[in-house]
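Look at the two complexes coming up: chain A is in both, with chain B in one and chain C in the other.
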Partner chain A sequence: MHAQAIHSSLSTPLSRRALVFALLSLLVALMMILNLRIGSISYPVDQLLGALVNPFKKSDISYIVWNIRLPRTIAAALGGAFLAVSGLLLQVYFRNPIVGPFILGISSGSTVMVSLVMLTSIGLGFSGYAPYLNTLASCLGAYGVTALIVVIAIRVRNGVTLLIAGLMMGYLCGAVTSILTALAEKETIKGFVLWQMGSFSGFKWIEVWIMFVVGGLLLGATYLMSKPLNALLLGEDYAASMGVDIRRFRLLILFLSSSLAGLVTAMAGPVAFIGMAVPHMTRLSLGTSDNRVLLPGACLLGALITSLCDLIARMWLTPVELPLSAITAFFGAPIVIYLLLKRGMK
Partner chain B sequence: MSKEAILRSSGLCVGYHQPVLADVNLAFGRGQFIALLGPNGAGKTTLLRTLSRHLKPLAGQIEILGQDLHAMSALDLARAVAVCLTDNAKPPLLSVAEFVALGRYPHTDFMGRLSPHDAEVVSRSLAAVAAGDLAARLVEELSDGERQKVVLARALAQEPKLMLLDEPTAHLDLKHRIEVMGILRNLCRDSGLTVVASLHDIDIAAKVADRVVLVQHGGISDFGLPEAVLTSDKVGQLYGLDRADFDGHLGGIEFHGDGHAGKVFVIAGGGSGATLFRLLSKKGLAIETGVLADGDLDRYVAAALGANCFVRSAAAPAVAGLAIDGALAALGGCDLVVDGGLPGSDAQALRQRSKAHGLPIFRLAGAAAIDEGDAHCCATLGELSAAIDRALPSAAQYARR
Partner chain C sequence: MKRRRFIGAAALATTALLLGTLAACQSGDAAKPKQSFMNIGEFSVNPKDGYTEVRDGAGRKLALIARGAKAPDGFAPSNVVEVPVRRVVAYRAFEVGILAALGVPETLVGVTDPRDKWLRDDVRRGFDEGRIAYVGQSSDVDFERIKAQHPDLVMTWDPSIIPMLDSIGIPVVVTTTPVATCLSTHMRFVEFIAPFFGREAQGKAYFDKVAAALKTIRERTQGLPQPQVMWGDIYEKRVLVEPGNAWVAELIGLAQSNYLFDDVYGTSCIEISTERFIHSGKEAEIYFTYRTPARGATSKAALARLNPLIAQIKPLGPEGRVYAPLAHYSQSSDRLDEILVEISAILHPQAYPGHQLSFFTELPNTDPVKIAKKD
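And then the complex of A and B:
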């Protein structure tokens, strides 16, 4: 192929990619509007817009949109984006398309630490700082499990074994959590159990802001690392030989990935499979492994899928609200099985 | 070849915790092809990983282009040294052009954007490995041979001065093996690139490399011109060969027969015996042959096969008679004779003696034997082989094992 042709194929975004991005953005916007509009009471679009531009008007619709639906809608979109990016980072790091923060037990690590805060008296006296404390605990739990998984991954090179290690990690963390639940006082359990099933309901604005600011910074940092992330597609040894400071970079990837997963888990509980399935769907829809393209793509698709799952969780058997992880598992688990089959057939 | 060393090591000791190789002193020049040879587990990969800074040396110094390896920045190092490893990832949904463009890493900006110059280098790198037509293909869909060429192109895109390759020809068929070695040799000749590759094909290494490094017994046992270093003894000792031999003149490995099937005398010379020796050796026959001239091809093949040769030395005509006497004596202990069809008095004497002993004689019809006599005359090598099989009693073959 001619240098010119190579240059154009390498540097200008293909029209297919531009189209996919435009389509995804549009769908995310539509899905968010849908999430704001539909609920136990549904509003026509003009009323909704009226309430949105007029936050301080004293009316039911204004209250519901501004205090219940908008935080939830934004949180679901942000949470989906963060989980997708967290999963993408893990997939690049482990060179394994079947990993994600939930599958590797990282979300479970967060759950244990949050349960410590929510179910015991450790957090006593800091109730005003609950969102911050939860976030901190959640991230610490995520770092802990990630560190363990990395230690295991160094010893076993087999991708499927890594999944099993992750599942076991999830079970262990689940065991600790259930013991804590058994010992906890009854009043505290209800809130915890709801949180543990994964849900974006009841988000407060302060939590949305924490997610937006902290997560935004993490996403920005991640995007700036697209170039070394691409080098890592060839494995650590090659990346190091091309000029990546691999030790620092390794820590940075794991820190960013765990922080993003921990952040979402702190607020919304463990949400299954988004982090594993979305990067895979993004790769397929954009037809590339280039992280400069995949990262924004995964954000949009993560926001879209998670918003959709949240809508289904809310509306399918209304007025009963279903656990979000149950819905996301319907998307994610078949993809895991498909990837395992594909790998086995090779 | 310039005198300035691209890579120089002194007092180098490599290993993970225990030293694997100690006191490694090497200097590689510009445009040289250096082959690392040695048995599996000798430490070739460990040495390469140390030279590429994937592994810290336990002791000693490495200099790349006169700079201390461990003082160089990661990017400076990447602009000087590229590697090809045995573990090659197949990233999904990545085109060959994108894959090769990753090699531009140390040259591109913070976000890895490619300039027209970068694209030019990518295109040139693909052309250098004759893989320009693969640019639009997906890496995961390539064959092993194609992928290895693309892996080379990626390393080339780094525009290195030195390329370190760990078994670049493993898992490749003969065609691709020769193609890859040819590409590497051309890069040394044409672009002044220095190539250091661990290789298993000693015969290809002997023919391509400018220098060979023999890695064994916890150190470098020899380093120099392959023509000087790769002698039968050194190669045999390097790989612990006892049932095969490397011949420096032939540049290849020959397998010793174990002689379980009996003893054959081959009346050879002038290259008439070379293929016969291999055929007979594989049948498990111990070989005696003569009378060969000093520089005869037959002599090198026979020696590499472990045959007993009777040689007439041109330098010492006085002892020429000894060779034919020895050969005639040896004939008596043989089970059969294969005639290469050489004219000459020595050959004639051997034929007569064979007849006198009543030994079965086999020869190829094309061979210009002087005396047709009562030899088993075979039209092709296949027929000759079958005739000998019939003559060798299979019971005796196993009894003598």
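And then the complex of A and C:
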């Protein structure tokens, strides 16, 4: 982006931003309420409220609200926010608008580890960890790849080389997954295919807490970087002249972005589109490239769109669930195309 | 005038009778009942002049002709099958069972599971004799291996292999459809396969046997209290169930029981929301899991350990009943009548005193404690 355009976009009127933020916050809150309210089993509002205020009451509705709907609602909002911020960071890093959080092979890393657990008999040796085995494996895969990317980034300064290295890592992991799938038992493949489509279904409270605490810390750290990120938008030389240690800063961006994406993938499987499209939508709706504004904006918009997609995935053919990634792509891609065309015409 | 009409009608009738008799004599099988058009779910069998036209699960029309006979017009060479088929490759264990039901297990020359995955004696024997070959995974078969087996026909669920097999001149029949198989289709599928092997009579006999079992089930369960039944599983965080249009769901209804996912429509084994599974599970009395004991379904406690969410459903409690399929269940389509009876016996044990389970196992509350041997 041209330096002058960036400067001008950094000075968008505050009143408009405030309005957009207020609207987004309201919509996120409404969407979360809607996700709690609507489900494949319908309950009257008073019963739902009663269940919400009595978490320990032993009833069907209390169990469903507190163990199924609420964790899922929170997880979808958090997951959307994390993916959007992860994508935004990488788009600034690579100065490439079509980059998303999975471009560096993070989801492939998760997938290969989950395939090891789901498609082989390795998991049988760890039956004590059964409910969390996939999450643990996915976490290992995502952060294994993250560590490799950071190691490569220490040695390689060129962003394009890093991008290609990430893509190659994705191919390698994909190859291992393909071999495991080819050799797998038929009855295990369907579960694995479903996992690859991503879902916030079946979230446990422990997972929500991990997402909240770890993701919250990562988000906080990211926000502290918003000023140097703005400086990076104007070029590495400019950022360096402002006192930014470019090498360390690049590593930090990669670490934060990969960690956020890895966290979501570990818990929910790969969720497509959000990380790539939401940063665009945020820029266009807020009319700025100022990362101090974009970061919270992307959080809100990511949470809103992911929650909406999750609601559609759950309710369109209820009680049948549709793959979340299909909905995110189906719902969001036309919006991005429209917004980009609109901007192009202007 | 009246007399003329009478003579004319009599002449016509006599001619028709003569022609009919001549035709029957020419075929040399006058006693064989003429097969009429059959719709078997998405499949159909339509006898035509000199050949039988069948429509497979992918909606393709195939012509079944006698060996050495001229192929009818309008059919590509790869869509013409010479019958009776003598060598066949089958993708699914279900079709392998059907071959046994038709009395032609020796026609099987290729399967998509290696020998150690088979629990059927006839298949294992076929491997040992060198007649049957493993032709690769069903998702990625080895075409060279298939070709080497010289099959007359490949029975598959995968239409993507058709162009390749067309090019090497092996006819293919698609044996699955995009919708779940209803009970009637499940039972009558044998009548779709039978013409390929010239075993229509055996197919009919097999169908009659299954239909008789179903009739007995209806009579035996009439007026009994209706248990609430669910069939499915949670794989990590995703819930898969049998939809209401699947054959097991229909059977449960016929056997005077309530299937709790009756309103779910889709292909066999479909994903539904966790809350619906848990909600229905609170009402259920009997739960059929997809998992075999080898896949962790060894006890109710083991299932709950695998998925803490599932622990909430009523059948996992001390008064509920949970059943897991045994490994040979999916390879026993030739014993469909026994499977139907067994499911009915599970639903209404009071109507089947002394029934010994042979396709399913009832899960105990906890795994038996293993006692280590001293020596």
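Methods note: the second predicted complex is superposed on the first by the 239 of 346 C-alpha atoms of A that agree within 3 Å, B and C clash if a C-alpha of one lies under 4 Å from a C-alpha of the other, contacts with A are read in each partner's own complex, and residues count from 1 in each chain.
Going forward, a contact is a pair of C-beta atoms (placed from the backbone, for glycine too) under 8 Å apart; a residue touches a chain by one contact, two chains touch by 3 or more.
As the structure is a prediction and not an experimental result, all values here were calculated from the model.
S.K.: Counting only touches as set out at the top, which of chain B and chain C does A:Gln47 meet: first, second, both, neither?
M.R.: After superposing on A, A:Gln47 lies clear of both chain B and chain C.
S.K.: Looking at A:Gly39, would you say it contacts chain B, chain C, both, or neither? Reply first, second, both or neither.
M.R.: The answer is second: A:Gly39 touches chain C but not chain B.
S.K.: Just checking: does A:Thr318 make contact with chain B only, chain C only, both, or neither of them? Give me first, second, both or neither.
M.R.: Second partner only.
S.K.: Under the stated touch criterion, which partner chain does A:Ser285 make contact with: chain B (first), chain C (second), both, or neither?
M.R.: Touch partners of A:Ser285: none, neither chain B nor chain C.
S.K.: Quick check on the superposed pair: does A:Ser25 touch chain B, chain C, both, or neither? Answer first, second, both or neither.
M.R.: A:Ser25: touches no partner chain.
S.K.: Once the shared chain is lined up, is A:Trp195 touching chain B (first), chain C (second), both, or neither of them?
M.R.: second
S.K.: Examine A:Tyr238 and indicate which partner it touches, taking first as chain B and second as chain C; both and neither are also allowed.
M.R.: A:Tyr238 sits against chain B, while chain C stays out of touch.
S.K.: Name the contact category of A:Ser62: first (chain B only), second (chain C only), both, or neither.
M.R.: After superposition on chain A, A:Ser62 lies in contact with neither partner.
S.K.: Looking at the overlay, does A:Thr120 come into contact with chain B only (first), chain C only (second), both, or neither?
M.R.: A:Thr120: touches no partner chain.
S.K.: What does chain B use to touch chain A in their complex?
M.R.: 52-54, 73-75, 77-79, 81-83, 85, 87-89, 91-95, 97-98, 101-103, 105-106, 108, 110-114, 116, 118-120, 122-124, 126, 132-133, 135-136, 154, 158
S.K.: Write out the stretch or stretches of chain A touching chain B in their complex.
M.R.: 1-7, 9-11, 95, 97, 224, 226-227, 230-231, 233-235, 237-238, 240-245, 283-284, 287-290, 292
S.K.: Touching chain A in the complex: which residues of chain C?
M.R.: 137-140, 234-240, 261, 263-266, 269-276, 278-279, 282, 290, 292, 295-296, 305-309, 312
S.K.: Using the touch definition from the top, list the residues of chain A that touch chain C in their complex.
M.R.: By the definition above, chain A touches chain C via 39-41, 60, 63-64, 67-69, 118, 127, 130-131, 134, 181-183, 186-191, 194-195, 199, 201-204, 314, 318-321.
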